[in-house]
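To start, I am sharing the structure in question, which I have written as structure tokens.
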Amino acid sequence: MKLIVAIIRPDKLNDVLKSLYKAEVRGVSVSHVRGHGGETENVETYRGTTVKMELQEKIRIEIGVSDHFVDPTVQSILSAAKTGEVGDGKIFVIPVESVYRIRTSEKDTAAVTPVAVKA
Amino acid sequence: MKLIVAIIRPDKLNDVLKSLYKAEVRGVSVSHVRGHGGETENVETYRGTTVKMELQEKIRIEIGVSDHFVDPTVQSILSAAKTGEVGDGKIFVIPVESVYRIRTSEKDTAAVTPVAVKA
Amino acid sequence: MKLIVAIIRPDKLNDVLKSLYKAEVRGVSVSHVRGHGGETENVETYRGTTVKMELQEKIRIEIGVSDHFVDPTVQSILSAAKTGEVGDGKIFVIPVESVYRIRTSEKDTAAVTPVAVKA
Amino acid sequence: MSFDLLSSGLSILAQVENPPTTAPAVVPVVNPADTAWMLVSTALVLFMTPALAFFYGGLARSKNMLNTMMMSFIAMGFVGVAWALVGYSLAFSDGNKFIGGLSWAFLQTIGTDPKVGTTIPHVLFMAYQATFAIITAALISGAIIERMRFGAYVAFITLWSIVVYAPVCHWVWGGGWAGAAPGIGALDFAGGTVVHINAAAAALVAAIVVGKRKDFGRQALLPHNVPLVLLGAGALWFGWFGFNGGSALASNASAATAFTNTMLAPCATMVAWTLLDLLRTGKVTGVGCGTGIVVGLVAITPAAGFLSPTSAMAVGLIAAFPSYFAIIIRAKTSLDDSLDVFAAHGLGGITGALLTGVFADETWGGAGNKGLLNGNPGQLLIQAEAIVGTLVYSLVVSFILIKIIGFLLPLKATDAQQGVGLDVVDHGEEAYSNGEGAVLILENESTSTPAASPSTIGAR
Amino acid sequence: MSFDLLSSGLSILAQVENPPTTAPAVVPVVNPADTAWMLVSTALVLFMTPALAFFYGGLARSKNMLNTMMMSFIAMGFVGVAWALVGYSLAFSDGNKFIGGLSWAFLQTIGTDPKVGTTIPHVLFMAYQATFAIITAALISGAIIERMRFGAYVAFITLWSIVVYAPVCHWVWGGGWAGAAPGIGALDFAGGTVVHINAAAAALVAAIVVGKRKDFGRQALLPHNVPLVLLGAGALWFGWFGFNGGSALASNASAATAFTNTMLAPCATMVAWTLLDLLRTGKVTGVGCGTGIVVGLVAITPAAGFLSPTSAMAVGLIAAFPSYFAIIIRAKTSLDDSLDVFAAHGLGGITGALLTGVFADETWGGAGNKGLLNGNPGQLLIQAEAIVGTLVYSLVVSFILIKIIGFLLPLKATDAQQGVGLDVVDHGEEAYSNGEGAVLILENESTSTPAASPSTIGAR
Amino acid sequence: MSFDLLSSGLSILAQVENPPTTAPAVVPVVNPADTAWMLVSTALVLFMTPALAFFYGGLARSKNMLNTMMMSFIAMGFVGVAWALVGYSLAFSDGNKFIGGLSWAFLQTIGTDPKVGTTIPHVLFMAYQATFAIITAALISGAIIERMRFGAYVAFITLWSIVVYAPVCHWVWGGGWAGAAPGIGALDFAGGTVVHINAAAAALVAAIVVGKRKDFGRQALLPHNVPLVLLGAGALWFGWFGFNGGSALASNASAATAFTNTMLAPCATMVAWTLLDLLRTGKVTGVGCGTGIVVGLVAITPAAGFLSPTSAMAVGLIAAFPSYFAIIIRAKTSLDDSLDVFAAHGLGGITGALLTGVFADETWGGAGNKGLLNGNPGQLLIQAEAIVGTLVYSLVVSFILIKIIGFLLPLKATDAQQGVGLDVVDHGEEAYSNGEGAVLILENESTSTPAASPSTIGAR
């Protein structure tokens, strides 16, 4: 089991979600972050004060996957999130000891396999 | 040392906090995420545009615990956050190499033990 | 490769960023969390309802670093984020299996080394 | 306007309405200055409904923000149209002592000649009254936000404006029993009874029949945006100058009195509320400040043109107490009158209506309009009768109405729907969105995700 | 105001403007009541521009919020000044049938005596007209938000207000061909043609020439703050009472009629829109409610003082349909008229202008002003001519103007700039900020981060 | 209103106030049209205080949003009541050249007959003046937000309105030394000196005595919500039409002039400010646009009824410069006048007051009111005297007052309290909350968390 954490551009979120969907990755959690890397900074001016915004809007995606899914997931993020300009972001792959599905208390691999929905 | 990351329903946050409190877990950090799993999607309409909201509001809880606390913590989340409907969320248990308490620079187990407060 | 996750006071963010910059740490991602630890709670009153705010505003910083950078990074956070009052926060050091730079698909150490920017 | 038009200073024109001494010589003519003020007043009162949307919306949780706001806005559509079609006629055309007729239905025969007893075009008087009907209906929503289904709500307030508001309005201002006899009727300058007590009674009934929110009493339900609450309170105050000042139906001394009192009474309420807050919790709250303003405005409404500015400050000051403590006590009961419509508008209106019977002063309010302190203790009883009459009628008929609607339409959102929030459930929208994870659905596209069908949670 | 001043009820004074029967005896004098109403109306119409900023801004994405709002606000500066310097003279001073002269440029000779044909000070009339020029220019912005560069936009609307708005205004209200002959001219009470159709045509041209947003049609572009959209709609309605009610230029029966119709028409539109929403998607949307209000207001604008309140409700009801469906269809095309300026203001204005020719009624609108239903089918044709004339002129001249500006200034933000958002790119600010990661730059400090130079993305 | 009532065009009625030629025959009577306009103006000016709450609140950080807004709102309560009880009497009743008496304290003898020298009911005049006292006091808050304790602030502005505002108001408008002699007094149409310079001086003192914020100069303190700043600026402009237009105290040519100038001057300021922004930073900022509007409004305030619209545009244009550069320079000093009250209202007011002495024109402002450009260079000196007098008095007395309050109440929040934010510390609320982690406290419940006692941070 691994947890994949990706920092991407906000613009690219929908592309990444689509790409993940194609790679049959179903469970993701998404949040806002502001990041600093090698990007240039915006200069903003508020009345007399000039400021340099060191942090840029980014999106953080967190995906728990079983081991054989790591590579397809990483690849699909890499391909969908890339623009080639500085600021595209990073992906971290983190080891996970165990995963639980809260609804059923299932553990580990069973917990990350998607279930059919009865709408 | 482990880091427990749980994705739960926003409705359930207060119940989970209460349950964690009973389990004597004191330190938690909470943030907003939007998640996609097996849930059905909301359809929204803005003027001529119909959209499917693939992401649902969720809450992410992060708890650093010493090893023997892992199980009680997971159990108390599982019990408090469960509704039995699709969308209840996941818990990830992640290994941690070291923990520091910023206030005292204490390390590891000492860092996650709560301290009495002098109000 | 490690992922350093720090929870700090919002007031201290700019100091920490400056300190990280001095330690030559370039890549960071920052987000909002609300935390509960040993701090006292605020009591708030809305019309007839009195509530205790158990969660305080905090900032979560996430930094992917190569192994020899772990210590300087932790130290620079510890020094910049400390006030000595309850509520200063925690630092977690988490093992990372691999890191990718999305822009170039570079992997691991190459991925966390900053690149020069051509403005 | 007053129960007794003679008193509002329009002595010459009011004679037209005064049966014994019909004045044959007075040719009714539109007065431009009065018209200018009433045009403005009408705009101001209409603006109170968006203002209420903010006041209420800011107090709701963000997932119910739009729903709460729409409950006010939709009143402008449905109640506005219902008023033009039948409500106005039922309230103001000739009829019996309890209800008007249908001779003015669909605005027949209503033109630009002055409405009898006024110096402004009849259409403008009708429009001015429409804004009252709209805001009164919208007030009710505060009691049932975050769980009443939108369809049932719209049906309820639209019908309510016809079967409850129009008759009560007729009793008092349209020639009915409560305001018929000049000098001996109840005093209600701008609608303490017709508007506030009436709406509050309906709100109480609705809160009880619909029932409480799933989280009520279990979780802290905090206002999601207090600045919008203050925006709403400020804009309500602004609009209320049209509500009370315009009720003189002319640009005259009575309007100036009502206006000044509408300014000073809430000032005094705010001071009292603030000090109560400070004594009780050590802090002066913003929500309390906004609430205090509204309570002061409600309390001065029936009294506005009948008393001196100093008395108005006394009314504002006194009115803080019942509402302040009622709000605290209510929160500890199981009555989920979510935004305290009864405590603010009901108790505020009752306090104001009674104090009108205490402080009314002929010097300010015109001949015959005097209260306890000016040697007319009987007025207090008359005021109480009007209050009780309105309360009873509104409670009973509102109850019957909402029960009937409950048979036809779902009244209350399920717990799951409340969990999602009524913005998505009833409106298919989010108040605040950044478009993340929103996927465009093109017409002839097969859905591309595991969810085979659109959400059933949000379905009607 | 109307194409035909005689009709607006100012019979005595209007004679001054009527060439054949010049009334020698009438000494023009300022009427205080009319002045009071026009002072208020002018303030109300100016307030519509900030209101529009909210309506439009709430519909944008948060990274373009300030830019969208500034597009409205800046019109108050640049168009306001341009109007005072030359626009007003070109529109209202004596000239030929197509454009006025420069005798009133720089406000020469304009004083506090009544403007000929009115009872209000000339300066006030000029100020009232200025607010129309400002809001008309600002309306255009809805079509090109989130990608048009600010500099080009400001140049465009400022020049547009002189070369398109002023002449069209002259045709209709300033003595030009479209409104010259009383009784046989087109009816446009408050600017359905001059303001709404005119602005919508320019908006269409701008949307096409500037081109669509990079994400248009690929991503869901959701409103970031619907409560602000409703705030804007409510405030626009409030201001519109000055727009339509004030167009009577006096505090009289015509103003009362226009006012009442301005209240009832959007009520009916809201009901119709709501029911359409309900039938189509099962939900009543907040954005739809706000849009419906605006469409109803647009549609009643040309008609406001010419028909009965019942007809006004009919106009409001009917006007919902074309705009409602046009918005749905437009979203499926590749035309990125981002906030549907053409569907709302263009179609709403056309519907209203045509229906004015159907419902106009002498009883309400004054002698000679009657439409199809009152036995004057020819009026419909006259209305159509005015619509087509305005459309053609505005389309052609707006096109030439924006093309010229496109040679001199960048019209459109690059994809990268659109990605960052125009708030940062064009204004160097964020609408909502918490200051995190913002580092003060002191004057003589060497930059302390790897980025050697300030962002080039945001550079002009 | 003007220093010299004769000049404002009320020639007949003003004679009543003119000692040498008392006009025995004029029976004072309420004029309905003037009353209508003054009712509206009073509502508009009261609305400026909520508007200011948004303007200031949007510029603050979110953790101090409510506190900043409450500093404006609370003025409506405390200053409003203080004004009715004693302030009005001290300002306007007969007294000596420096202060009025107490004969009108508690509003004794103030009724609905016209105030001498006007045609509006005396109560309405009092209410109109109350709105000036309120907004003037609220303006001060901009200098000390985010650190002054709320209790001390309320005490300060309430007492300040009595010991500073009321006397200065008396000097100028109440029969005191500065406005006593017609034709030779200083010209201040709507309060450039009394309101803006006066408040700015107090703000400067408060900023210095209270001291700077803990983060000032170390961190970037960014506006948390610029759209609300623009909302505030738009609403202030709207309200300012009542402030300046209403200062004619009648619906006449003078009101129309003041109104038109209040529209055109900020247009010009906005253009100038925008171009300055563009030249300096390459971008046109939203905060700058809002600030420019306010500066233009401040500058035209003393001049509004005394000069031509073209001159008004010149005043607006010129006034941009001192304020623009003062704001930039101030930010580099250690003076934490947080929202630049002195740069905007002080310098704007001084520029406007001086330029009134340059541009005043008898054609527009009435006989005797002329400035440098119309051959009366001496007026400039008179203007300067009034400015200096007000500045000195306000600086000195404000200083003494705040020092006294500093002995009795904590003036400044501690660094820890500033870190938490004054919303929680002083009001026990958050402006924006989603209720997460909020636990209901029921009355007789023992606290269930490690924190044994309620927060001491927030304690008084």
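Going in written order, the chains are labelled A, B, C, D, E and F, and every chain counts its residues from 1.
The rule we apply is simple: a residue touches a chain if its C-beta (ideal position, glycine included) is under 8 Å from a C-beta of that chain, and two chains touch if they have at least 3 such contacts.
As the structure is a computational prediction, the values presented were derived from the model and not from experiment.
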Third chains touching both chain C and chain A: B, D, E, F
Each chain counted as touching chain A and chain E at once: B, C, D, F
Interface copy of A-E among A-D, C-F or B-F, judged by whether over half of the contact pairs recur: C-F
Centre distance in Å when chain C and chain D are each reduced to the mean of their C-alpha atoms: 51
Rounded Å distance between chain D and chain F, as computed from the means of their C-alpha atoms: 32
Chain centre separation in whole Å, for chain E relative to chain C (CA means): 50
Centroid distance [mean C-alpha coordinates] between chain B and chain A, Å: 18
Sequence positions of chain B contacting 2 or more other chains: 14, 17, 26, 30-32, 34, 36, 38-40, 44-46, 49-51, 54-55, 85, 94-95, 114, 116-117, 119
Set of chain E residues in contact with two or more other chains: 31-33, 36-37, 40, 219-223, 281, 283, 285, 287, 332, 428-430, 436-440, 449-451, 453, 455-456, 458
Pairwise touch network: line, ring, star, complete, or other: complete
Residues of chain C defined as touching chain A within the complex: 1, 3, 17, 26-32, 62, 64, 94-103, 105, 111-112, 114-117, 119
Residues on chain E engaged by chain B in the complex (per definition of touch): 220-223, 277, 281, 283, 285, 287-288, 291, 327-332, 340
In the complex, chain E residues that touch chain A: 215, 219, 416, 419-420, 424, 428-430, 436-441, 447, 449-451, 453-458
Chain B-facing residues of chain C, complex: 2, 5-8, 31-40, 54-55, 58, 60, 74, 77-78, 81-95
Interface residues, chain B side, partner chain F - complex: 10, 13-14, 17, 21, 26, 30, 59, 114, 116-117, 119
